[in-house]
Structure formats: C-alpha cells, structure tokens
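Heads up, the thing below is written out as structure tokens.
Chains here go by letter, A, B, C, D, E and F, matching the order in which they are written, and residues are numbered from 1 within each.
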Amino acid sequence: MTEKSRKELINQLVTNIVASYKKELYIKPHDLCPLPNRDVIIEISKMLRQLLFPGYFSKQTGMSEIIEYHTGELILGIQDKLSEQIVFALCLEANKSQAEATCRRVTIKKQADDITYEFLSRIPRVREYLATDVQAAFDGDPAATSKDEIIFSYPGIFAMSIYRVAHELYLLKVPLIPRILSEYAHNITGIDIHSGATIGKYFFIDHGTGVVIGETTMIGDYAKIYQGVTLGALSTRGGQALRGFKRHPTLEDGVTVYSGASILGGETVIGADAVIGSNAFITKSVPSGTKVSIKNPELIFKGNSSTEYNPEYIADWVI
Amino acid sequence: MTEKSRKELINQLVTNIVASYKKELYIKPHDLCPLPNRDVIIEISKMLRQLLFPGYFSKQTGMSEIIEYHTGELILGIQDKLSEQIVFALCLEANKSQAEATCRRVTIKKQADDITYEFLSRIPRVREYLATDVQAAFDGDPAATSKDEIIFSYPGIFAMSIYRVAHELYLLKVPLIPRILSEYAHNITGIDIHSGATIGKYFFIDHGTGVVIGETTMIGDYAKIYQGVTLGALSTRGGQALRGFKRHPTLEDGVTVYSGASILGGETVIGADAVIGSNAFITKSVPSGTKVSIKNPELIFKGNSSTEYNPEYIADWVI
Amino acid sequence: MTEKSRKELINQLVTNIVASYKKELYIKPHDLCPLPNRDVIIEISKMLRQLLFPGYFSKQTGMSEIIEYHTGELILGIQDKLSEQIVFALCLEANKSQAEATCRRVTIKKQADDITYEFLSRIPRVREYLATDVQAAFDGDPAATSKDEIIFSYPGIFAMSIYRVAHELYLLKVPLIPRILSEYAHNITGIDIHSGATIGKYFFIDHGTGVVIGETTMIGDYAKIYQGVTLGALSTRGGQALRGFKRHPTLEDGVTVYSGASILGGETVIGADAVIGSNAFITKSVPSGTKVSIKNPELIFKGNSSTEYNPEYIADWVI
Amino acid sequence: MTEKSRKELINQLVTNIVASYKKELYIKPHDLCPLPNRDVIIEISKMLRQLLFPGYFSKQTGMSEIIEYHTGELILGIQDKLSEQIVFALCLEANKSQAEATCRRVTIKKQADDITYEFLSRIPRVREYLATDVQAAFDGDPAATSKDEIIFSYPGIFAMSIYRVAHELYLLKVPLIPRILSEYAHNITGIDIHSGATIGKYFFIDHGTGVVIGETTMIGDYAKIYQGVTLGALSTRGGQALRGFKRHPTLEDGVTVYSGASILGGETVIGADAVIGSNAFITKSVPSGTKVSIKNPELIFKGNSSTEYNPEYIADWVI
Amino acid sequence: MTEKSRKELINQLVTNIVASYKKELYIKPHDLCPLPNRDVIIEISKMLRQLLFPGYFSKQTGMSEIIEYHTGELILGIQDKLSEQIVFALCLEANKSQAEATCRRVTIKKQADDITYEFLSRIPRVREYLATDVQAAFDGDPAATSKDEIIFSYPGIFAMSIYRVAHELYLLKVPLIPRILSEYAHNITGIDIHSGATIGKYFFIDHGTGVVIGETTMIGDYAKIYQGVTLGALSTRGGQALRGFKRHPTLEDGVTVYSGASILGGETVIGADAVIGSNAFITKSVPSGTKVSIKNPELIFKGNSSTEYNPEYIADWVI
Amino acid sequence: MTEKSRKELINQLVTNIVASYKKELYIKPHDLCPLPNRDVIIEISKMLRQLLFPGYFSKQTGMSEIIEYHTGELILGIQDKLSEQIVFALCLEANKSQAEATCRRVTIKKQADDITYEFLSRIPRVREYLATDVQAAFDGDPAATSKDEIIFSYPGIFAMSIYRVAHELYLLKVPLIPRILSEYAHNITGIDIHSGATIGKYFFIDHGTGVVIGETTMIGDYAKIYQGVTLGALSTRGGQALRGFKRHPTLEDGVTVYSGASILGGETVIGADAVIGSNAFITKSVPSGTKVSIKNPELIFKGNSSTEYNPEYIADWVI
C-alpha cells in the first residue's frame, strides 16, 4: 500500500480502539493510583526466601557465624520495598471511596510501616512452621535424598513458603499483595493456595500441579495432599453476595488426599486421619478414620486381549 | 587425562553426534527459513495486553485523557513486529513445497501487512468480549475484591486474553504464531486453549491449572469451567487422517463444569445450563439442564474410626 | 516513629530472627560446599536442546553443511559447565559424611570429567529415542501441522527432552542435578517426570499439565498419556524406609491413559495395549488389551430440564 | 584462620569503618532526600535524542508520515520521568535549609511540572540550533560522508545535543540534573561543556577529547574548536567566593581554536575570526582577525641525521 | 493544572515539535533503509577480539589444543552478523541516489558476503601486525609486567585492535561501519584513529587519551606516540571540496611524538627517527633524526621564592 | 555461492587462522590459569564506592542510624569477591615460573585472604584522604554548588577514589588488579593514574580528561592539576631494563599545574607552590614559588583585522 494509505489506516485503527476505551460496558483505562509493582513484589519474595532459608538462595559461603549483617541488610531491604508496595496497595483501595489527595498522606505511610514491622516480627514463627513442612516432605517422599534437596527444589515447599508469608499479610489486611504473591507461586508451581486459607503444621503437598486451596479452607496438622487436589467452593454465579462466608472445606489433623480428588463446600468436614482416594468428588462430610474411594472401576474386556501393538484409532468403545 | 586424550575425546564426541545428524530416521538439522522468534512474539503479546487493558500493564499514570499517543505508538510497534513474524511463519509454511527463493518475496510481505491490519481492526471486538469475561469472573468468584484485581492477576483472564487474540490470528490463517501464543499462556497459567476453539461471551475459567480446550471445541455464552477440566478428543494413533474433523465437544450456553471433569469427542454435546460434577468422564451427550456426577463414593470404615494420628504406611487398603 | 525507635525495632527484628536460626528444630543456615547453580544448569539444558535439535533453538541459518564447528563449541561449553556443576553436586553429597577438605580434591574433578564425557557419548542414543517421541506426537495429534511445530512448541517434547538427558545423569549417579532439571521442566510444562523413571520409545504426553511419573515407574514402547495422569506411589509417612523399593507402576507397550487417571503402586502392572479411561483410580493390575473406565455417570434430572440461562447459585444438589 | 577469628576480624572491620563515618572531618553518610537517579537521567537523555533527531536512534521505520504518535509518546514519557527527577533535585536543594517535611510538598511537584513543560516547549528552538551545528560539522570535516553519519556517530554532535538540552535546564534553574547530563556526555565523549556556558549557532567541535568549556564562557556563531581546547578559569583556591562572577573567556563570531590551546580568564576576549594555534596559552584578549601561535619551535640537529632506526633510550637531550 | 489543560499542553507540544520536523533547514526524520545497528557492530568487535587474541576474552579454559571449534564458531558468527550489517550500510549509501527497491537486492547481499569473506581472510595478517604492536608496548613501557597485561588491559592495544580491523573494512570500501568501530574505540579509550589512516608495524600509543590520527595520515614502522598527540589537518570551512586529498601528515619510521604535540597538514613529513617534544605545534616538515621542542620556558621569579603554602588566588601574574 | 563452496571457504578461513595461532612470533592462545574477571573487579569497585561514601551510591534511605548492617554486608561481599580475584591474579603470576598444579594451592588462598583483610583495614585511612580531596575540589571550583554534587558527579573524585584503593592493593603487591582498576577509571574519566604513584592529601584534578600520572610520581599535599597534564617518563625503547627506577617527576606541596602541561623525568622536581602554565614542557627541575610559562605567543596581524566572517580555508599562514 502507499504511505498515504498507511497513514489513513493507522489513524483509523487508533480512532476505533480509543473509541472502544470510552464505551459504556468495556474496560476503561486504569487511571488511579499506581498499582503495586509485580516485579518488585517478586523480588521481595526472593529476599524473604533468603531470610527464611539462610544460605540456600544467596551466593555467599561460610557465613553462618556472622549472619547478623546479612540478616540486617535483608530486613532493611525488605522493609523499605515492602512498605512502599503496601502504600500503593492501600492507596488503590482507598481511592475507591476517598479523594485522590488521600493517596500519599502521611497516615498511610505510617500505617504501611507499622504493618511491615509487625509482619517481620512474625518471621520466626513462619520459620517454625516451615521447618515442620520440610520434615513432612522428608518423611513423606522416599525419593528425597536430603532436606537440602527439599528446600532447594521441591515445588511444594516453594508454594508453602510463599503461602505462609502471604497469609501473614492477609491477616494484616494488606490488599492485593497477597494475591500477587499467590499467583506468582501458582505460576511457578501450578499450586494455587489462597492466602486466606488456614493451614496447620507438617503440611506436605507432593508434586502439586493443579492443587487449589480456597480462601476459607481450614487444614489441621499432619495433613498431606497430592497434585490436582481441589479444596474448593461450590459454584456460584451470584458472586459478591457470598463474600466472607465459609465456602471451602475443613480438613482435620492427619488427613490424606490423593491426586485429583475434589472436596467442595464450606460445611464439608473431612475427619481426622481420613483418607480420600484419587479423583473422589466429595461434597458431604466424611467421618474420622474413614477411607473413601470412587466406585471400583469396571474392567471391560473386548474380545481376546491382544498383546500386539495396534496403532489404529481406538475410540470405538463406550463407557 | 592428558590434553592430547582430551582432544581425541572431544573430536570423537563431535564426530558421533554429527553422524547422528545424518541418520535416516533421526531429527535433521533445521535449515530453512528462520523460525518465528518466540521472544518477539511474547513481547508482542505484552504490547497487546497494554492495548486491551489500557493503564493496567504500562507504567505511565494519569493518561486517560491523552491516550491516543500511547495507543498509536503501540499499534505501530505491534504492526511492525507482528508483520515481520508473520512473514517468517508464512515463509516456513511455503518452504515445504516451494523454492527457497519465494521466501522473501514482496507478495508475502504484502500479505503479512494485510493480515496485520485486519487483525488490529478486530481489537475493539476482542475488548468487547473480554469485558464480559471480566464480568463473569467478578460474578463467579466471591474472593475477588475488584475488577482491577481480576484484570491484573487472574490467570483465567490472562489465558483468555491470549486466546482471544490468538483465535483471530488462527481465523486469519496465520501459521505457528497462534500455537506459540497458546503455549506461552499454557506455560504461564497451566491453561491450554487451542487457538482454533470457538468460545462465546462471559466465559470464566477459575484457577485453571490443567484445563485443556481442544481445537474444534465450541462453547456458548455464560459457560464456566474449573481447573483440570478437559474438553478433548478421543485418542487416536492415526494422526493426520483426522485433521480438520470436529473431534472436540460442544458446550451450550450456561454450562458449568467442575474441576477435573473430562468431556471427550466431537459429537458430544453438553446441553444448555447442564452441570458436570468433578472428575466425571463424559463421552456421550448430556441433555440441557441436567446435573451429572460420578457414582457416589463408598465410605469404607476400617475397624473403629480413630481420631489419633498414625503416621504409618497407609497403603494396605484395597479399592 | 523516631529514628531512634526505628533503630531499636530493626535491631530487635535481627536478634529474633538470628535467634531462630539457632533453634534446635528449625532450619539451620546452609553452610557447606556451594550448591549447584540452578541458573547455570538451566543454561546447560538450553545448550543440550541445541545439541539435540540442531537449528531449532539457535539463531544461525544455513549451517547444516558446516555444523561441526557449532557442535564442537556446544560440546566444549557443556562439558566445561556441566563438569563444574557435577563437582558441586558430588561435594555436597560427600560433605555429609566426609571432611570439608575433600571438597575440591582432584579426584572429584576427575570423576566429574569422566561422568561428563560418558554422558555426552550417550547423546546420539538420546536423539534416537527423541526422534521416536516426535513421531509419536505427529501420529497422535491431528492438530499438529508439522514436526517442526512439535519440536519447537510442544510441552510434551520439551519435558521428554529434559527427562531423557536427566535420566542419563541419574543413571550415572549424579546427585541433585537431575532433580533440578526435572523441576525446571516441571515449572515450564507442569509435567513432573522423575529422572529415575524408565521410559521406552515412541512415548507421547499430550498437553501434559499435571502429569506425574514417579521414580521407579517403568513404561514400555508406544505408550501415550494425557494431562493430569499420575503414575505414582501409595502414600507413606514412613519416608526414607521405602527408599530404593519399586513404588510406582509398570505400563507395558502400547498402553493409553486418558486425562486425570491415577495409577498407583509398585506392583501395579497395566498390560499391553490396555486403555485407562479418564479419572480412573487404579491400584491393582489390569490385563492386556483391557479397557477400564470409572462407573458410568448417573444423569440426575431435576424437574423439567430448562434451556433458560439462570445465573443463580447452583449448589443445592446432592451427589 | 579459624571461623571464630574470621568473625572477630569482620566485626573489627565493621566497627572501625563505622567509627570513621562519625568522625568530625570525614565524609558523613548521605541521609537526606533521595538523590536524582543517574540511570533514569541517562534514559531521559536517550529519549531526548530520539525527539531531537527523529528516526536516527529508534528502531521503527517508515514512520515519517505518522510521526505524531511516537512524538506524543516520547513527550509523555520524558515529562513523566523528568518531572520526577526534578522533584528530587529541588528537594535535595531545599533540604539544605528547610525542614525535611517540605520535601514532597505539592508545590514542588507543581513547580517541577511547570519547568518540564517550559523545557519541552523549547525543543523546537534547540533543534533549530542543532541543525546549524550539523551543518558546521559537514562544512568543517572533509572526512564526513553525509549528515546522517554526523548525527549518528560524531562525538561533537553528541556532546552538543546534551549540552543544548542541559543548558535549557540550567536556565530554568534546575539543580544537579544539568551537571549529571554534562558528566554523562563528558564520560562518553571526553568533552566537558558546563551547562551554564552560552554557545551560538554553527558550532563545531572536531574529535573533541579533552575539550573543556567553563560555566561562564560565551561563544558567538560560526566558532570551531578542536580536541583538547580549554576555555577555562584562572586557578583559585578560594573557591566559593568567586561563584557567579564571569571567570571564563569570550569567543566572538567565527573564531577557530586549534587542538590543545588554553584560553583562560573572564575578561579574555578572542575577537571575531581570530585563529588560535595549537597549544597556545592565552590569558589576555586577542584582536579580531588575528592569528596567534606559540613561538616557532627550534630545530635541534644532533650530529648527522640518521635514517637508521635506533630503538635505544632517547632521553639524553636537553630542551 | 487540571487534566484538561494537561491535554491541551501536551497536544500543543506535539504539534510544535512535529511542525519543526517539517521546516526547511531543520533535521528531517530519517526514513530510509535501517541504519547499521551500533550494538551489533560492537558485539562483532568483541567477537573479533576473541579471534585476534584467543583465550584472552573468552571464558573457556584449556582450549588451545582443540581451538578449531571455537574458531569456526566465531567465524560463522562474525560472518553472519557482519554481512548483514554491511548490507544495511551499502543500502544506506545506495539509497542516496537509487530507488528504494534496490535496497534488498540479491546483488547487495552477494557483495556483502564477498566483502566479509575477503575481510576474514585478512585476519592472520592483522594478527601479524598486532603481535608487533604488543611487542612495541612491552619494549616501550617499563611499567608493563607482562604481555598478558598489555593485551588484557592497555587502551593503546584496544584502540589498535579496533583500528586494524576497521582499516581493512575501510580498504574494502564498506561505508559507515568503520566509523562506528572507530567511535566505539574512541569512546572507550579517548583515542580517535580514523580507519583510513595507514599505520606500520610496531606502533605504540602510550596512555592515549586525546590522540587524534586523521584519515590520510601515513605512519611508518617503529613509531611511538603519547597521549594528546594530534596528527591532523589544517582547519577548513569549505568542507567537502577537500575530500580525498591528503590532508594529514606523514611520520617516517622510528618517529617519537611526546604528549600534546600537534602535527598538521598533508605535506608535513616528520623524517625517520625524529623526536617531537611535548606540546609542539608543527605545520612544516622536520628532517630525519631531528629533535624538536617548543621554546625553553622562561622562569618567572616573583619576589622571594616562598616555600610556604599560600592557598590564595594566584591569578595576578602576566605571561 | 553454492553451499558447497561456502563450506570450503569457511574451512579455509579456520585453517588459516588456526595456523596463525601457532606461528612463532604471533600471539599465542592464552591457556593458563583464568585471568581475573574484569566485570567482577568493576563490581567490587562499586561496592567500595558505597563503603567509602555511604548513602551516595546505594538506594536505601534513612539508614545513617543503623548503618552497621549495610557496612557488614558490603565488607563480607567485598572480601568474598576480592579474595577470589586475588587468587586468580596470584596464580597467573605464579604460573609464569611454577607448575600449573600450584594454582589452587591452599597457601595462595590463605595469602589472598590475608591481603584482603589488610586491605579492608585501611579503608578508614583512605576515607580520611578522600575527605581532603573533596574539600580541595570544593575550595578549588566555584562552579561546585555542594560537596554532595562533587562526590556524586565529579570525575576527579571518581578517579581519586579508584586510585586510592588501587594504590593500597599495589602496596600489598597484588598483581594486575590495580591495573584493571586504573584502566576502568581511565575509561570512565579519561584520567590515567598509575596505582603505584604516591599522592598526598587535598589533591584536586579539575575536569581531568587526558591527565596521566606515572608509576613513580610523587605528589605532596595541596597540589592541583588540570585536564591534559602529564606527569610522565622520558621515552624509552629499552623497556624492561628501566623497571623499578624512578622515572616520573616529583611535585612538592601546593604546586599548581595548568591544563596540557607535560612534566617528564624521574629527577625533575617542581618546588613547593610553583605554578606551571598551560602547555609547558618541563624536563628540568623548577624552584619553589616559581611561575613557569611557555614563551609569550606572538600576535600575527594579517592585513586589516576583519570582523566579517569568512568561512574559507584558513591554512595559508606560517607559524
């Protein structure tokens, strides 16, 4: 095409797209306070992992004797960055109902600082819980050769590390940042734990891809779940009306849930030491000590069983 | 070992590996037109997200009033890069049957430019559909605190954004690039939507990890699916013979599919407003308004139900 | 707060966290030999992909005639980096029971070099197997337009490429590095194949998200599995006592496993050409040629089937 | 050394260095408002170069017809970043004498915005001057093959581009940022032009390394200087007492100064069309049209002139 | 200001700047073939340094025995990138007088390939010359501790490496790229050698900042120059009329030029083994074996010579 | 050309270049211990700048009260990296005359650690000197608006910071690393100070481009020099024979040297408070309190002094 027509074409594209930015039901340009910065929050999560597991994710060696400096530097760095991101998150929330001028008020900065200090003061307790999670993985996976390997490379431990810090921020009522942390862990591991869930000690998620743990889930100590397990809510299309209600199940101490099982509903309680088999679909409570499985599969023989490989189309069977 | 023997060893390794490059059945070196560049295509997808959701993924603030410049710059940048990648993709396809000289012909560049303009002219319609997807997520997830949070961090919306643009490129018969886009979204979210699928308005994928939606799937409006849902084909080993046939199911308006359910086959139709329970395995059609579930699980009590935690090996039960 | 109180607060945080580093049951600072470097190992995996699929993941064109130089350069680079990482891994393992001084002994470097050469000498065989995997994907997926597309963008082929090289390192008794490679592929594709598993030719994983293949799994030729399939162990909490035992199932030649099925246990054998339906939960052996499915779903009609869309809460049904 | 002594050594180092941070005459830790960010200012300078020379330093092609979008995007980006850096610079200056609380006052942001708009409104005039500088380089250097080459690669033009924008910021009384810009150009080109200097049209600096042009220098139109030329002040050790006085020379229209010449002093005026020879040391005014050179060198013959190469030590001659 | 006025202000800025892009004498947007890419050319120069000095600037060790692979890979990489950049440079030149369509003609690509091969075939000769330059530095600088140190860190050798390859490209009539290479070395070292200059063996530039060597300079073997030396042209304002004429001096074998000396003019010949003292300004020829210095400085005593330090203003003396 | 001839051409190029790697007088591949890593050394220099000027080059704010953590972290990081680089440098030196096996001996690591601790213990003294350099710049440059500006942006202070630390490493007999540091500062500032030079307090280099200060130079307190000043050696071609001798001049307290002056020779002493004018060429000692200038320039009138601009060629005058 000629240059002239190119100019006309581009101008037409711009006009049409900008027009769509102003239509009633379409998504409008976001134009309030800046959103928290996802990249910075991921960087903070990496600093937190260094703080939680000293020596595993930093480059320096032989530092156990003089670890105060590194620890202090990490804390100052986290405090600096996290407090700033919390300001953004609080502003964004505030802007919904308040004047824009509120955004940078001293009070918000002060509030963010207080939250950050309180959050950091909880790190030792988070470490206490994570130590039990590592132990649970070591006891639960014969393929693990050492706790080092578990801390360094197990996606379940990665997801739990992020969850346990995101959960503290959730309890401190920080908006949006716990969600960004959860989705980061979800992206890395395929494990989607809402920061609002309550999870006890010695929790082990093996493999983990596809695990979903909803906002109001409650899990006791010594539970163990596998990849693809859903601890979810029953479907709704009414949305926000249910907000705040307990919509997800409760797992008591020592429960085991095999891969792919779905347990739904806020009143569903899986009793202590119960075992849920793969691919079960549970929407009612299960007593303690019970084992639950889907109906035994039927074996369907078709003619003589053949050991010959036949690469043809094999879709003609009916279930 | 001595340097000399190292030289011999390396030479031997090179000789053997290069020899394997020439063997009959092995994978040969790729040596035609350059492949489209995955990194550039991902960059284009990020620019498209800025175009679709203005203000959410760019750094500038307060720009809603004068958004034409940013929009124009984005369009010019996308057009420049996308058109070039389409040239590579068309060349690669052409090279299968034509002479190498065809590769850079003016006609291909002209064709790529026309496709790019047509694609960009469809952006307002894509935005119209995505606005309904965001609304569906807001109505369907009580944990969502705002539409901002949904746009900014929900993997389902990420996957749908990529799908909806990849689908337009698929309709415009662009080779390979829709696949690269889909696999990018698949990598980020665990949601694998083939760009050929047809999906109506108000579609919500919750959590999403493990979702598969095949090439010839058709989905109406107001459908909702959960993580781990497969809308797939029955297995074949005959491969290319089935190409182009409808191999994946149809979901009518308002269908809900819970986590882990598999719905297979090109003639399988899930009627309007039907609900499919978790982990169902469906290969036949289901009438409208029906609820389908796997057989109720059996509860297997073993002796007295014990509430004591027993961390011993618990594999001795038979299903 | 005043600067003074800030100083006190920070000092308190440091003191408490450092104190937690010294508690009995908590995770201690890692302070032995350096861990293998995850970033370098990922870089090595990218060089290996260039070696396995020449021309697909490098930028140079028209090089098939003079590919020796690029091949030699790749081999030298891989050998250099991989041998160094193996030294770290062997040292880490040795440090558990030996004096720190052992760490850099010449013998370890020599051992690492020998392993690296042996590993590289197996690349042609790995290529032989991968060529059959690509063929299996081409035969098994009607949506594939060419083998180029499969090599370039299919997550199943990505995961198998990483698995097949990690498996050779596992057989050569390299610690930790195979795990890092597996978790990298797991992160990218959602497919978690333990490097210890034994997998035959013509293996195809379609879509793949959520697949788990355990350490002692054995798979014959021409098998095919879908997303969400688990080839796993029965749960244990005794952990390390089971190490080395066969805990995962065996799949004979030509087996097909649909999405979401779980097959557990070291004595479970799926006979040749058997087909396992979606979401089956198998803990006993299945004869050859059999087709296995979960119990037919029941259809639950509720009043008159309605084709009207009703977006209300739909959780009032009981399974 | 033992780990224990290492701890003591490090603690000792920290104590001593921190002690030195508190000594009376030493440099104290900087602890006021954040300094302007050098990296961001360099990024701004690159955006300004794109604005001044459209098409030369950006990647897009064929855009001359529809350049408004790119221009608008650049202006918005520069305005955003520059205004923020000016806030930092104004705060830093203000903090010297005012309370810390002043730092983020709305008035400073408003002031920074006004300065930025005024600055951007002067860009067309800056372009007018730079066009004459490019012309002067083309007329003055027979080695130049085109104006494109001059704009794209001549250090003199690079330095003048930075100077001409830094000068406008200097006139607008922006602190520190003009200095950072000048030192950036100084680092890249070896040409050190103080942003306070006044320079007319058609100015050409050839090669340029070592050129120094002081704060109160005044240069007319059509001047030309070579590498190593100093337009400087006479030395002082009294420092700040001289601040604001004219300390550097004046060059009238059409003056030429050859490499290495030094012209010093605020009352020194080089008359129109005068030519100053290499390495002259000028501290008094020179009339118009004059040519000035250092005293003819003496030729010192030593014995017979030898054409043979003698690489021996040649330091025994006296000047 | 209000958002509305912001919009007006920005629109006004864009309008005015775009208007200035269309003014008669101003610099127009560049809109022809793409310019060669400076970053790629710098990358090529780094690959060339690896080729010229094997083992000094690459990371691999112990490779001298099997250096063919690395060498081959470097050559293929350089050839690929350099040939493409030469196409851009030739197109740019051609566009001045020919139709745009010529730009990507096969003939230009063929021409660029031929130039690249010829260039690479000259590398051994370039290495031969550079070996003598390194020797000259080792003989000429008592502070050098080894030739390794010279190759690895001397700016004079850096500048000569770039010059000697840029000179070959100049001789092969490649446009613009030699200039980009020279300015890169100029930026790094402060040494500005035009790629057209002719320089013999055993050439040593000590320190080097501020050295200028013009396009038509001719230098014999065994010459040595110091920082700040200019081998330049007499000033002109007529510009292009002088193009192609010899405008810069000739230095015969064994000449030494001390820091800051300027030697100007195309007919100026410095005879063999002559020595030019610091800061001399030479515009006439100097016989062989001569030593030339500026006039002995005068010593100006002022009252009694004082050994006391007096930090007052010391500008009251007249020269 | 055909692919076949391309292969032949490339092979020919490789053969010829590799052959040149084996020629007697050419530069051989470097194949000993790894060279110190320039990038790491530059990174160390940046950490040292943070240690020397706390708060100026790091991002954290408000940290003066709790600076111990940051200081400790910096020291640990510098110690770790610097000690490793010193091992490389010592190995490289040792390899000249000893067996390769020595390279990683424990003794060298121990030696490097000791040097590093000693070096770090001298930082407070280096800070003491640098504080006087900053004061000298503030007293000597009326254009400076604050000491912050000087520390943050003056090239003279940058060069002195690097010199003062490099000098300590030189005194501790660390090979090569001081050179790499000096050349880094030389590249950034155009100021080339050999790390062996001895420089007193209150030293100010203004502008600085082109300054050279040789290895055996000695400078007292309160000296001040300008851009382009050489404190050098008389030329030699005998090279290594002169190593270790005093070859560069001595400047007593309070000396001022204007731009472009060259002072050469190991026995040349500039007496206290002497002033050397621009472009002087000094090879003999100068008494204290003296002012030295080049011979007054002659003024050469040509016809009537014209104030009209005449852009013609102006090379017809004789000096």
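Everything below uses one rule, namely that contacts are C-beta pairs under 8 Å (C-beta built on N, C-alpha and C of every residue); 3 or more make two chains touch, one makes a residue touch a chain.
Everything numeric here is computed off the predicted structure, so don't read it as measured data.
Chains making contact with subunit C as well as with subunit E: B, F. Shared contact partners of subunit C and subunit F comprise A, E. Comparing the residue numbers each copy contributes, subunit E and subunit F share less than half of them at their mutual interface.
Averaging C-alpha coordinates per chain places the centre of subunit B 53 Å away from that of subunit D.
Note on chain placement: the centre of subunit A and the centre of subunit C lie 21 Å apart, centres being C-alpha means. Touching of two or more other chains is recorded for residues 10, 14, 61-63, 66, 68-69, 71-72, 75-76, 139, 190, 209-210, 228, 235-238, 242, 256, 260, 275, 277, 279-281, 293-296, 311, 314, 319 of subunit B. Arrangement of the chains shown, judged by which pairs touch: an irregular graph that fits none of the line, ring, star or complete shapes. Across the assembly, chains come into contact as A-B, A-C, A-D, A-F, B-C, B-D, B-E, C-E, C-F, D-E, D-F, E-F.
On the subunit F side of its complex with subunit A, the touching residues are 60-61, 63, 66, 68-73, 75-77, 80.
Here subunit B touches subunit C in the complex through residues 1, 9-10, 12-14, 16-21, 23, 25-31, 34-35, 92, 96, 139, 175-176, 179-180, 183, 186-187, 190, 192, 194, 196, 209-212, 214-215, 221-222, 228, 230, 232-233, 235-245, 247, 253-254, 256, 260-262, 264, 271-273, 275, 277, 279-282, 286-296, 311-315, 318-319, going by the rule given at the top.
By the touch rule above, subunit E contacts subunit F in their complex via residues 51-56, 61-64, 67-68, 71-72, 75-76, 79, 113, 117, 120-121, 123-124, 127-128, 130-131, 134, 138-149, 151-155, 188-190, 207, 209-210, 224, 226-228, 234-238, 242, 256, 258-260, 265, 275, 277-281, 283-284, 293-302, 304-311, 314, 317, 319. Residues 3-4, 6-7, 10-11, 14, 62, 65-66, 69, 104 of subunit E touch subunit B in their complex.
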